[in-house]
Every structure is written in C-alpha cells, then in structure tokens.
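One chain, subunit A, appears in both complexes that follow, with subunit B as partner in the first and subunit C in the second.
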Partner chain A sequence: MVTYIVRRLLTAALILLGASFLVYLLTAASGDPLEEYRAINAANKQQLMDARTELLQLDVPPPLRYFKWLGGAAQCLVPFAGTCDLGKNIVGQPVTDALGHALVQTLTLVTGATVLAILIGITLGIITALRQYSALDYGVTFMAFLFFSLPIFWVAVLLKEFGAIGFNNFLRNPEIPLATAIGIGLVLGAVIAVAVGGELKRRVLAGGVVFLFVAAILIYFSATEWFKTPGLGPVLIAIAGVGLAFAVTLLTAGLKNRKALQSSLIAVGVGVVLYFVVQPLLDQATFLMIVLLGVATVLVGLGIGYLVGGYDRGQSMRAAAITSFLVGFMVLLDRFMQAWPSYFNNSRVRGRPIATIGASTPNIEGDFWVLGLDTFTHLILPTLALILISLASYTRFTRASMLEIMNMDYIRTARAKGLTERTVVMRHAFRNALIPIATIVAFDIGGLIGGAVITESVFSVRGMGFLFLDGISHVDPNPVMGVFLCVAITAMVFNLIADLAYSALDPRVRVKA
Partner chain B sequence: MRFGRISKAVGVAAAAALALSACAGNSGGSTPSSAAAAAKSGGSATVVEVNAFNTFNPNTADGNTDINSKVSYATHSGFFYIDNKLNVVRNEKFGKMEKVSDNPLTVKYTINDGVKWSDGTPVSAADLVLQWAAFSGYYNDADAEGKKGTTYFSYAGDPTGLALTDFPELGDDNRSITLKYSKPFADWEIALGGPGIDIPAHVLAKKAGLADAKAFVDMIKGMPRGDAKSPKPANKQLKAMADMWNTGFDTKTLPADPSLFLSNGPYVVKAMNQDQSLTMVKNKDYNWGPEAKLDEITVRYIGEAPAQVQALKNGEADIIAPQASADTVEQLKALESQGVTVEVGNQLSYDHIDLNYSGPFADKNVREAFMKTVPRKDIVDKIVKKLDENAKPLDSQLFVPDQAKYADSVKDNGSSAYQDVDIEGAKKLLNGATPSVRIMYNKDNPNRVDAFSLIRESAGKAGFKVVDGGLGKSDWGKALGDGSYDATIFGWINSGVGVSGVPQIFKSGNDSNFNKFSDPEADKLMEELIVTTDKAKQDDLIQQIDKKIWASAYGLPLFQAVGVDAYSDRITGVKYMPNQTGVWWNFWEWAQK
Partner chain C sequence: MSQPSQQDEIMAEEAALPQPPAAGIEPVLEAKGLSQGQIVRKRFLGHSGAIIGLVVFAFIFILAFTSVGYLGIPGWWKYNHEQVSPLVNDGAPTSSLWPLAWGEHPFGQDRIGRDLFAMTMRGAQQSITVMIVIGLIAGLIGVVVGAVSGYFRGWAEAILMRLTDVIIIIPALLLAAVMAQMAGRRDSGSWFSAFASTNGVLALGIFLGLISWVSLARLMRGEFLSLREREFVDAARISGASNARIIFKHILPNAVGVLIVNVTLTMSAAILTETALSFLGVGVKAPDTSLGLLISQNQQAFSTRPWLFWFPGLFIVLICLSINFIGDGLRDAFDPRQKKFNAKKAKDAERKPEPAPVTALDGPGDR
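== the complex of A and B ==
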C-alpha cells in the first residue's frame, strides 16, 4: 500500500514537471507580450518595451525562463519557510497573493454548486433507476441532457435576465395574477402526476392535490405579499416537520419501526419549542454559533433517539438526529426570512436583491443574517447555472450503476428472503451503487478549481479562471503557471484519493504494490 | 400504552408552542436596518470599470492602467484638467500655472494657500518637485543596456519635455516652483502639475527615513543631473524614495496606513474589496476646484460587456462604458425604454491605411491611384455604421472631429479628393500598369479583415493585384516597418491634447514612421511645432503639416473607433468623453436624481 502511494506520488511529480514545462513554453509562445506597445506613437515607446521586457524577463529564452521560474516554485516545497516565489504578474502583484485570493473566490462559487449537484444528481439517478422507462425517467433524462448540452454562458445570461432582472422587477410589486397562479399549479400538478407513477387514479389524485396546494399557496403569497415579508413561522415548521419526520423515518427505518417514528416526532416537537427559545440567541448570531447550534441539534436528536430506545436504538437515533437537523435547518431558514425585509430595503440593495455579478454588494453593512442573505443572493444564480449543467453526468452515472446493481443476484436473494423493498434499495443496492460514483465525485472535486472559467467571467467573479485568462491574454506565463500548478496538483491528489477510496470501498479491488 | 402517552406529550408541547406563537406574534428578532445609517444628502453612484484597481500611483510603468488613473483623477487635483472637447482647462482655485517668459520658456506653478492633503499637510512645492523628479528622469544615469547606473523612478510617461528643465526654483513660502526649459517645449501646459498631484512628498520622505519633505528637497537640490556616460553609485535615500514611488503604493486592499492613500481632490478612497469594488467618499476639506455633488462613488469591476449591460439593467450599476460592439450598442438601446441614456461617440484611436514610400508605391501616381480606390465610405458603412449611425470617414491625419480645428483643416487638406471611389481616375493614373501590392494587417481583428477585403475588391477593379499579407495577432506588430509589405492597415491613437506625438509618426527617420514618409518641409514645420508654445500657432502648424501629408499621398485615415457609455435614470450629469479618461472627466457633475 505505502509503496503504491509512493510510486504514484513519484509519477505524479514527474508528470507535473513535464506538463508544467510544456504549459510554460506554450504560454510563452502564444503571442507577443509587447503587442500593446508596437503601434503607439509615444516617444518613450522603447522605454516602455524595456520595462515590460524586464518585468517578464523577455530577454531570457522561454526554456531558460522556465527553469528560473521552477527555481522559485521549488521553494514552495520548503514548508513554513515563506520563500514561495511563483513570480509576479503583469501589474507587479506576486502570483502567490493573486492565487490565494482567486482560490477563495472560486471555491465560494463552486463548492455549494458541486455539493448540491452531487446530492440532487444522485437522488434523481436513484429515483429514475427505480422507475426505469417510466415517464419520469424519460423526463429526467431529457432535461438532464438538455441542460448538459446548453452552453453555460447562455444559461447564465438567461438566468440573469429572468432569475435576477425579471424576479427583481416582480418583487417591486409581488402580485401573482390568478391565471398565473393556476397556470403554475397546473404545470406542477401535471409534472407530479407524471412523476408519481402507478395507476391512473392515483396519478390524477396526486396531481390534483399538488395543483390545488400550489395554486392556493401562490394566491396566499400574492394576497399577503409574502415575497416582501417572507417567513415560515412555527406553525408551518411544525406541519412540515411532521411531514419530514415521516419521510425520514420511512427512509431510515421504515414506518413499521414505531419507536423511530416516535423519536422523530418528538424531535419535531422539541424543535418547535426550541424555536422560541433560540430566537433571542439567533439575533446575535455568528457563523460559529450557527455551526455549534447545528451540532447541538444533531446531538439533541441522538439523545431523543437514545432515550426512546426500542429494540434497534441505532435506527431511532439516526431518524431523530436527521429529523431534528432538518427542523433546525427550517428554523434557520425562517430566521433568514425574517431578515429579508431589512435586507430588501437596505439602501445598498434598493429593493433589487438578486444580483447578476460579483460575490457581495459593495459596502453593505448589517448583521450576520443580512450579510448571509447578501451572499445567498449573489451566489444563487451561478450556483444554479453550475448545477444545471453538471447534473446530467451524476444522474446518468447513478442511474446506470443503480440499474446494474438492481439486477444482481444478491438483490434477488435479498428479496427472496423477504426483506422489505426499502431495505433492499437503501441498504443493499444504494450503498453498492455509490462505489463507482465515489470515484467520479473525487475526479470532479479535482477538476473543480479550474472548471468554472466561463461561469466566473460571466458572473464577473475574479477567481482562478480570470487569473488564467488574464495571464493568457497578456502572454504572461506566471499567473497561468500558478493556476496550472493548483489545478494539476488537486487533480492528481484527488485521482490518487479516488483510486484509494475505490479499493477501500470495494473489497474486491486491492491495490497491488 | 407508552407510545400513546409520549405522543400526547409531544402533542401538548407542540400545541403549547403554537399557542405561544400566537401570543408572541412575530416574535422573531428584528434585524436593525442599516438603511438609516447611510446619509443620503448627496446620493451615490456605482460606476463599472473593466480592470481592477491595483495601485495608488498610476504613473509607473506597471501601474498606468485606465482604472488606476481614473481613481487617482477623482482623488487628486492639480493645475488643470482636460474637458471633452479636448481643451486644457485651468483650475485656478487650486493654483496658478503661468508662462512667465517665452525665452527661455519659464513656467511658474503656484499652489494656493489652504490646499492640503487629507492628513492636513499643505500641498507644497515639495510635492511638485517630487513629481518633477519622477517625470523628468533628471537623476537617472543608467546606460542603454541597463547594466550600470541607476534608473530611479520608473515613469510610464514621456520624459522628453521635462528633461529640458533644470532643478526648479522654489519660492512663495514653499508654495511655488519655477521651471526653466533649455529650449521651448510645445506641451509645457500638460507636462507637470495635473490633472492630479498624486504622490505626497512628505509621506515618501518619511518612509525613506528622511525627516520631512524639506529634507527631501534639500537632498536632491544638491544632486547633479544623472549622466548615463559616467554613472555614479546610487543615492540610497533617493533610491529608497523611488522604490517606494515605484511599488510602495501597489495594493489591492485598503492599506492600514492611511498615509498611503492621501487625497487632495474631491474624493477620498474609503473602502476596497479586492478585485470586486472600490468606494470613494467626499473629501470634506476640499474646496479648491469644481465641487462634487455625489457623496459616494463606488467602482465595480466587470470584464464582460454583456455582464455590464445586465448589471445596469438590474440596477447594480449606474454608469457603464463597455467595449463598444454592435451587440452591446443594440442591447443598450433596448434599455432606453427603462430610462437608460446611451451615448455613442468617437474615440481617439483610428484605423488607417499607410502606403510605403518604396516598392510599387515609390511612384506617387501609384499611391494616388491606390488611394482613389480605397472605399472609405463602404468601410465605414460596414464596420462602424452599425454602432454609430452618424459615423463618417476620418478626413484628417492629425485632427479628430472633437477638436475645434478639425473642420478647418479638412476643408483644404486635400482629403476632398478621396471622398468617393474613383476607379476611372485610378486607371488613368496607373496608365495600364497592374502593380502587385502586399497589404499587411492583423488578421485576428475582424474590423481590419473587413477593411482589407473591401479595399482588395475595389483596388482590383482598377488593376491592382492585391496580395493578402495578413498576419496573426502576435506577429503583425513586429512586422511594422520591416519592409515585408507595401501597405498596412492598423490603428494609431491620437493623443487628443499635446503635439509631441506628431513627429513620432511623421518626421523623417523616427521610430514610429513605419512607411518612411519624408518631406523636408514637413520636417521643418514639425521642428517648429514642437518648440511652439502657443496653442493657436500649434494648430496652424499642424494644419499645414496635415496638408503636406495628404499632398504627398501618404495613405488614408479610415475611421475612428466608436465608444459608448450608458447611465441609468438615477443619475444625471454624465457626458461622453473621447479620451481614455472616459466618463470620469466630469465626475464632479454627476448627481443623483
């Protein structure tokens, strides 16, 4: 095992060296760094060219320049020495500084999107696999491929036009005409009717209920101007919580396990009571406090499950913990919604909350909730765009892998010995289906840093992609190499992790030293 | 039954909770509204720029990007600024800049009493001396290879004018300096002291370990002019100051030390968000120049033109000036219905075709014949009309329409002969010859490709055999002037203000005279031009030079690049400006409705 890792790391280092040499030469040969000075009529033209030549060391041939750069870069390997030198970019900023900032920008942009895309993608994949060749399956496949084949800059522009500009215009006077409310209800009802499956009667019933529910909600929202002063309130949290408690129990333990259901319901009750207790506390919220509260909700859930017990204490604890975490999340959501009016009317926001560019409103002031909303309104569109286009691969992979597993002999055996469908799907099939997905996820995380170049530039986020493009356009290899190093190293590390994870997850695969 | 009991308990608890909620009403914490905190007397505006701010010293070779200059312009003042008619406008409230004598050219700069930096220190002669030392390169003694000697200040501008001066004379209680030029210099008016005096000498002196600005002046007073032939060891303190000047003001975040971003202009920088935005607020001491209306200006950086347009549409930006393209202009025009004002105008850069005075074009008749075939109107129609309906071909090699003298010059410079394509006339001049000419251009620039295709088609009709000599983006610049082509299509940037650029392109043997135009009379006029200090006389001379250039069948200016700016209905006072200052030129007139 250790020899295997060492061997992999050595190869990786060699590949990195070779690739960086190639990338450096290609960048250096990609254009004329002095182009902007060629056709100017200033008397000090030569002087300007000399200054640029000195800055980029253009008098040294690129292969030699590479080794100079490598010399600086090699110092990054010395830990804590602070001698890391990746050169300077064209405005004289050290590349290490620029990278540090760009990395944060990119990660803020892509992390949420990737996590959500994985979660949603896997869920959809499993559902479509279980309903193979149903209308739902075809629908999801169609949508996934549709989004997959859309160019992201176009999706982004559309999202900005309708999701930001259109929605903000709507918020000015959030009235939903009756016809629109009914229309939206009809569409969603139809989607649900198709998705539910089963007999016609069941489909029509489900679709009808959803239609009525959605239309009623929209009319209610319109009448109360809910979009201006949104909120859940304890009543809605309680109702939704009970629904969640049933759903979570269904998935984790099965509704037959009354103890688990009981603990989940108790968790909801405790959550609703705590809703009032924590409000004053939440007014002074900090990020750390929210994290601690999150941990606390899980612990409370575990505690409830433990106390209620039953013959399978673990299942009760799991169900209660997940339920209480979700209820906690709803309380959090509610608190954010309470802060909405003050964010909406903030003099910096001026009633147009959803942003099309950047990562925050300049100079915005406010408490944790207002700033949190600000981040949310800025990230929602790029996140949505990234999710839409990356959903396809996750759904398709999960679906294929799940289908393969569902046809395995041991699944038939499991069914034959009388296990419930839930146990077969959740415990025997799902877990094994995740093994190939794990490797894809690892690859994707490796490609995450360099993978959002276009999204970054459309949403005007100056992250790694901007650094890269800017370097290329100025024929300045230093920032390009900085980005290359980061991307290449993460890609290689995660490749290695993917391989190791595979062997750890699947006992049939063993790394051979 | 246990389950029942617990269920009941949960039910009771939940019911109690709901009852509580009914009593409490909206008991959720109230988020304090920060809206009240921001004063609204003068309002605010958000301006979009393409590049991100990176230094408080926009004069260095690495720092002289548009955005740095614009921020410096808004936060500093000086003896003059340039308006959108490309006139130099004096700011007498800041101080007086006067030509004391013509022979030798002597200019006296006096800063008014009460003009001060935002830390309270008066703006003094020392600040002017520092700018002079940096802009003139007086102390540099590095030889051409840069191996020996020292280059102190890495100044991006042209030092030729101030290099003619000696160490200035200080006076008026340390508020004035007097510069004496060893020979007259045409652009003396814009050589020093504006539009902003941006680097405070007292700060630089302290950082370099000197006691104060006076110590700095005393120190460099005694130093001789640098001589590249006999380099001396570097003066350590001046070197320290110069290094500070070169890189010490580079930053992407607001420095903790406020002395690094002192203002002496209408605004002072208040906040910076790396690569995202920069915010300026009113400098409350400022009363020595045009008074600004807005309380706060925020600059946001957006690279892409469509993103800028959507930001304007969504109210995130109030003023934008994106790179003009047909799509962008169309998108902006569509916003006019929601109150956006779009201004389209000319920029100072212009495309032109130059004919080499060698090869097939050595014969003036051939040059003239070729010029007769250039379809300038078609080129304008095809390339610029879709952006600017009023676009016309540029008819002067030296003036642009925004300058008052343009109309006058165009009348008699001979451009009228080349208004329309004259194939017959060209054929007559060619007299049956079919010269083969190679045209070089940047084939990665679609506008140049279009211009080339139209010219090739039209010239072919008159008998020219046009060879496509287009080169890629990274090669065409290097090929300029190397004799591998007979004609070339590319762009110059008219300086708008100042005449030093003229001889660079048109004087015999100069660096940027790529087609080897040479006219002894024009040379003489240009020699006179660069020592003429009177604006009206300069204009007369340029007009004569313009005529000479046209008369010798030099080539043709084609069209000016189009610029666009747009602003929302929240804002008034924005006016189009052709030079690189852009909409910022009159930022003090911006107001919120």
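== the complex of A and C ==
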C-alpha cells in the first residue's frame, strides 16, 4: 500500500515537472508582454519597457526563466518556512497573495454548487432507477440530456435576465395575481401527479393536494406581502419539523421503529423551544458561533436518541440527529429571513437584491446576517448555473449504477429473506451504488478549482479562472503557473484519493503494492 | 419506497431476468442468426430518441451547409454572414409560425443590419466542421495510441501513457489561447500562421483534436488490455497471425462499439468546447463567426434585441442534444446486455389487470 502510494506520488511529481515546463514555455511563447508599450508614444516608453523587462526578467530566455521559477516554487515544499515564491505578476504583486485571494473566491463559488449538485443528482438518480421506464424517468432523462447540452454561458445570461432582473422587478411590488397563483399550482400539481406514480386515483389525489397547497400558499404570500418581510416563525418550523421527522425516520429507520420516530419528534419539540432561547444569542452571531451551534444541534439530537433508546439505539440517535440538524437549519433560515428587510432597504442594495456580477456588494456595511445575505444573493445565480450543468452527469451515473446493483443476486437474496423494501434499497442497494459514485465525486472535486473559468468570467468573480485568463491575455506566465500548479496538484491528489477510496470501499479491488 | 407493493413487482420482474422474456422485454435478437452489424443496426433503428436525434441533426446539417454556401459554393439564401442590409422592422425577426411565413430576415438582424439567419447558419457550419474534425482526429490518434499501448505493453505503453498524463493536465484553454495568438500574428510569415489565418476554424478543430484524444486513448487501452487476454486472440496467435492482423481483424472489431460511442460523446463535448472558447475570445475570431462568438457579441443586447441571443443558443443546444441522443442510441445498440423494453407490450402482457407503471410516453429508453 505504502509503496503504491509512494510510486504514484513520484510519477505524479515527474508528470507535474514535465507539464509545468510545457505550460511555462507555451505561455511565454503565446505573445509579447511588452506589446502594450510598443504601441504608445509616451516619452518614458523605454523606461517603462525596461522596468517591465526587469520585473519579469524578460532578458532571460524562457527555459532558463522556468528553472528560476522552479527554484522559487521548490521552496514551497519546505513546510512553515514561509519562503514560498511563485514569482510576481505583471503589476508586481506576488502571485502567492493573488492566488490566496482567488482561491477563496473560487471555493466559495463552487463548494455550495458542487455539494448541492451531488445531493440532488444522486437523489434523482436513485428515484429514477427505482422507477425505471416511468414517466418520471423519461422526463428526468430528457432533462439530463438537455442540461448536459446547454452551454453554461448561455444559461448564465438567461439566468441573469430572468432570475435576477425579472425577480428584482417582481420584488418591487410582490403581488401574485390570482390567475398566476392558480396556474403555478396547476403546473406543480401536474408534475407531482406524473412523478408520484401508481394508480390513477393516487396520482390525482397527490396532484390535487399539491395544487391546493401551493395555490393557497401563494395567495397567502401575496396577501401578506411575505416576499417583502419573509420569515418562517415558530409555528411553521414546528409543522415542517414534524413532517421532516416523519420523512427522516422513514428513510433512516422505518416508521415501524416507534422509538426512532419518538426521538425525532422530541428533537423537533426541543428545536422549537430552543428557537426562542437562541434568538438573543443569534443577534451577536459570528461564523464560528454558527458552526459551533450546528455541532451542538447534532450533539443534542444524538443525546435525545441515546436517552430514548429502544431496541436499536443507533437508529434512534441517527434519526434524531438528522432531524435536529434540519430543524436547526430552519431556525437559521428564519433568522436570515428576519434580516431580509434591513438588507433589502440597505442604501447600497436599493431594493434590487439579486446581483448579477461580482462576489459582494462594494462597500456594504451591516451585521453578520446582512453580510451573509449579501453573499447569498451574489452566489445564487452562478450556483444555479453550475448546478444545472453538473446535475446531469451525476443523475445519469447514479441511475446506471443503481440499476446495476438492483439486478444483483444479493438484492434478490435480501428480498427473499423478507427484508422491507426500505432496508433493501437504503441498506443493501444504495450503499453499494455509492461506491462507483464516490470515485466520480473525488474526481470532480479534484477538477473543481479550475473548472469554473467560464462561470467566473460571466459573473465577474475574480477567482482562479479570472487569474488564469488575465495571465494568458497579458502574456504573464507567473499567475498562469500558479493557477496551473494548484489545479494540477489538487487533480492528481484527488485522483489518488479516488483510487484509494475505491479499494477501501470495495474489498474486491486491491491496489497493487 | 413510497409504494412497496408496486416496487416489489417491478423489482421481482427485473430480478427474474434469466427467465425467458418477461413482460415487455423483447426476445434476444441474436437467436435469429443475424450478424453483429445487423443486430446493432436493428437496435439503433428501434431507439426512437436516437432516430429523432439523427433526423434533427441531418436537418440542421443540410440547412446549415446549403443555405449560406460552403467553400465558395453559393447557397440558396440571399444574404451571407458579412453582408449589411437595411434594417427591416427594426431588425426584429420576420418569421412567424401562424401564418407560416419565412419573411425577409427570419431570425432578425443585428444592430448594423447583418442577417442573423445567415450568421447563425455560418456559425452552425463552423461548429459542425469543428466537431467532425475533432471526432476524426481524436478518434484516429486515440485508437492508435490506445492500441499500441494496450497491445504491445512494455516501454511503448509506459511512454504513451505518461504522455497522455501530461496532456490531460495541461488546460485546453491555455493551448487554445496560444494557438489563437500564433494565428493572430499574420505578419510573422510562418506557414502555420498563414494556414491558421485563412482556415481559422479548421485550425481550431485540428488543434482541439490533437489534445482531446487522451480520454479515448485510455479507454481503448483498457479495451485492448482485456481483449488481448481472450481465447480467440490466443487462437489467432497460435495459428500464426501477425500482430497487425490480430489488431485489425480480431481485436479492433470487438472494440469498435466503445470507440464509436465515445467518439460521439467527444464530439458533443467538442461543440461545447468550441463555443466556450469562441465565447472567451480565443476560438473563432471576427470577421468570421461562430455560435459561441455570436452569443458573446450579443449578450449585452439581450434586453433590446433578445433574438440575437436566442437563435444561436438554440442551435448549439439542438446540435449538442441530437448528438447526445445519437450517442445514447449507439451505446444501447452496442451493449449486448441491453434489453429493449416496450411499454405497450408490457401493458398487454401484464397478467394482472392493474396498469403497468409505465405510461405510453416513448422517450429515450436506455440502460
């Protein structure tokens, strides 16, 4: 195992050396960094050219410059020495600084999108696999192909137009006409009726309930101007929490496990009580505090599950922990919604909250909640675009993997010995279907940092892709090399992790030592 | 999960696969003594999604290449993509569905009066050209590299696979940018820049083809590695077949399914790559046009002239979608484990009166 890893790392280092040499030469050969000065007619033209030549060492031929750069980059391997030197970019800023800033921007952009895409994609894939050849399956398959064929810059411009400008116009006067409310309800009801499956009566019933529910909620929202002063409130949290408790118990333990259901419901009750307790605390929130509260919520859930116990204590603990985490999330959402009016009326925002470019409103001031909302409203469009694009492959892959597993002999055995369908799907099939998905996910995370160049350029986020494009257009090898190093190293490390994870998860696969 | 009884039925039906054909699953065609090619063709033609994709693609192909002309041959459309004509109806599209009319400028005009239909068709030509060139080059190099490294193993494999490793981590964007810069320097007088400045899109296609063969090569290597250990290869070797004969006559025909499917998928990805590169300004350059470039040029004008944005995007999506469906159909056709499922037959054959869990909607049936 160790020999395998060492050998892989050595090969990776060699490949990295070769590729970085090529990238450096290519960037250096791609143009003339002094071109903008050659064209101007300023008196100090020669001075400017000399200064830049000195800064970028243009008098040294590119292959030699590469080895100088390599010498600086090699110092990054010395841990904690702080002598990391990736050179300077064309305006004299150290690349390491620019890289750090860009990395933060890119990670905030892609992390949420990837996590959501993976979650939604895997869920959709499993549902479509369980209902192979249903109308839902065909619909999702078609959507997957469609999303797969969409150019992201096109989607991004559409989202900007309809998502941002349209929604902002709507928010100015948030009234939903009765006909629109009923129309949205009808569409959603029809979708649910198709998706539910089963007998006609069951479909019509489900569709009708959804139609009434959605239409009523929209009319209520319109009447109370909910979109101007949104909020959930303890009552809604309690109702939704009970629903979630049932759903989580159904998935993790089965409704027959009464103890698990009890512990989830107790977790919801505790959550609603704590809603009132934490409100003053949340007013002084910091990011660290939210994380700590999140951990505390899960611990409380685990504690409730432990105390309620039952014949399978682990299941109760799991159900209660997941439920309490979700309830805690709703409390957080409610607090963000409470901050919405003050964000909406902020002098920098001026009632147009959904932003189309950048990563934050310039010069905005406010507490944690307002700043958080600002980040969200800037992230929502690029995140949506990224999710739409990357959803398709996860759905298709999960579906294929799940279908293959569902045809395995051990699934038949599991059914034959009388296990419930929930146990068969969640315990036997789902976990095994996740093995190939785990490698794909590791692979994708490796490619994340460099994968959002176009999204970043459309939404003007100054992340890694921006740094890269900017470097290329200015014929400036150092930032390009910095981005390349980050992207290549993460890709290679995650490739290795993917291989190791595969052999760890699937005992039939062994790495050659 | 929400409906155990019905789920059970479907699962039970699928679990009982080794049995003779279950409801709706058509009997295996191999029994009739058809050749591999006939089976594949029959399966492909039975795949409605793929056939629709093929028809749509053929329609776009013919429309794009006959309307504005290609390689100097004039087309039947009255404008070309560079020609400026006076604005009709303030540039709005003149085509309408009811009554069905074509009009003077069916897709509208841009700000200075160029005909968007001509520009879109020209862009579609470019995209299709790039796609085909990439498919051909990537397929060829991928097969050769994959076959050599998978069949001969040893140092050839080591070198070629390290080469693919290096190429796979160099960003395509950088390579395209370098190429665009080199093509842009017409004054330097090298043969490359002369070629690239006259045949911009061809050069781009060749270039992208030269870097997008790597995943194909890896796949083909995997196929060759597993096929060369099979008995029929041993048999051929014992009876004295040369390496070339084994590769071309015995292994390659067995790997051709994987090859064709993945070339198709590479091609559909290639269209998106080309449009993305043109969008970023390093692909096709003005005065020539491409679908990505059209969107890039017109994205600011969305609120005033939305049609400039809709039609090129629509064509990208249509081309890419039809290629994806064709690829899906090919994958099903070449996959021997595939069972063609016919919803109507399943309904008829169902022993219980309860309706099958499938509506008669005929979409892309796939596995």
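Just so we're on the same page, the second predicted complex is superposed on the first by the 506 of 513 C-alpha atoms of A that agree within 3 Å, B and C clash if a C-alpha of one lies under 4 Å from a C-alpha of the other, contacts with A are read in each partner's own complex, and residues count from 1 in each chain.
Everything below uses one rule, namely that a contact is a pair of C-beta atoms (placed from the backbone, for glycine too) under 8 Å apart; a residue touches a chain by one contact, two chains touch by 3 or more.
Worth saying up front: this structure is predicted, and the values here are computed from it rather than measured.
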(message) On the A-aligned overlay, A:Q338 touches which partner chain: subunit B = first, subunit C = second, or both, or neither?
(response) first
(message) Is A:V480 touching anything from subunit B or subunit C once the two structures are fitted on A? First, second, both or neither.
(response) second
(request) Go through the superposed model and pick first if A:V273 touches only subunit B, second if only subunit C, both, or neither. (result) first
(request) Name the contact category of A:E161: first (subunit B only), second (subunit C only), both, or neither. (result) both
(message) With both complexes overlaid on chain A, does A:R412 touch subunit B (first), subunit C (second), both or neither?
(response) second
(request) Determine, under the contact definition given at the top, whether A:K45 touches first (subunit B), second (subunit C), both, or neither. (result) first
(message) Looking at A:L130 after the superposition, I want to know if it touches subunit B, subunit C, both of them or none. Which is it: first, second, both, neither?
(response) second
(request) Once the structures are superposed on A, label A:A400 by its partner contacts, choosing first (subunit B), second (subunit C), both or neither. (result) second
(message) Once chain A of both complexes is superposed, is A:F145 in touch with subunit B (first), subunit C (second), both, or neither?
(response) second
(request) Report the partner of subunit A that touches more of its residues: subunit B or subunit C. (result) B
(message) Give me the intersection of subunit A's contacts with subunit B and its contacts with subunit C, in residue numbers.
(response) 30-31, 157, 161, 165, 457, 475
(request) Could you pull out which subunit A residues touch subunit B in their complex? (result) 30-32, 34-35, 38-48, 50-52, 54-55, 90-93, 97, 101, 105, 157, 160-161, 164-165, 168, 231, 233-235, 238, 258, 262, 265-266, 268-270, 272-273, 275-276, 279-280, 282-283, 308, 334-335, 338-339, 342-343, 345-348, 350, 352, 354-360, 362-367, 369-370, 457-460, 462, 466, 475
(request) Mind listing the subunit A positions that touch subunit C in their complex? (result) 11, 14-16, 18-19, 22-23, 26-27, 29-31, 130-135, 138-139, 141-142, 145-146, 148-154, 157, 161, 165, 196-200, 250-251, 400, 403, 406-407, 411-412, 415, 420-422, 425, 450, 453-454, 457, 468-469, 472-473, 475, 480, 484, 487-488, 491-492
(message) So in the complex, the part of subunit C that touches subunit A is made up of which residues?
(response) 1-4, 6-8, 10-12, 14-15, 17, 162, 165-166, 169-171, 173-175, 177-178, 181-182, 268, 272, 275-276, 279-280, 282, 292, 295-296, 299, 302-303, 309, 313, 316-317, 320-321, 324-325, 328, 341, 343, 354-355, 357-359, 361, 363-367
(request) Show which residues of subunit B lie in contact with subunit A when the two form their complex. (result) 3, 6-7, 9-11, 13-14, 16-18, 20-21, 24, 26-35, 37-38, 40, 46, 52, 54-55, 61-63, 65, 146, 154, 156-160, 247, 250, 252, 271, 273-277, 279, 298, 300-304, 306-307, 310-311, 313-316, 473-478, 480, 490-493, 495, 500-501, 504-505, 511-512
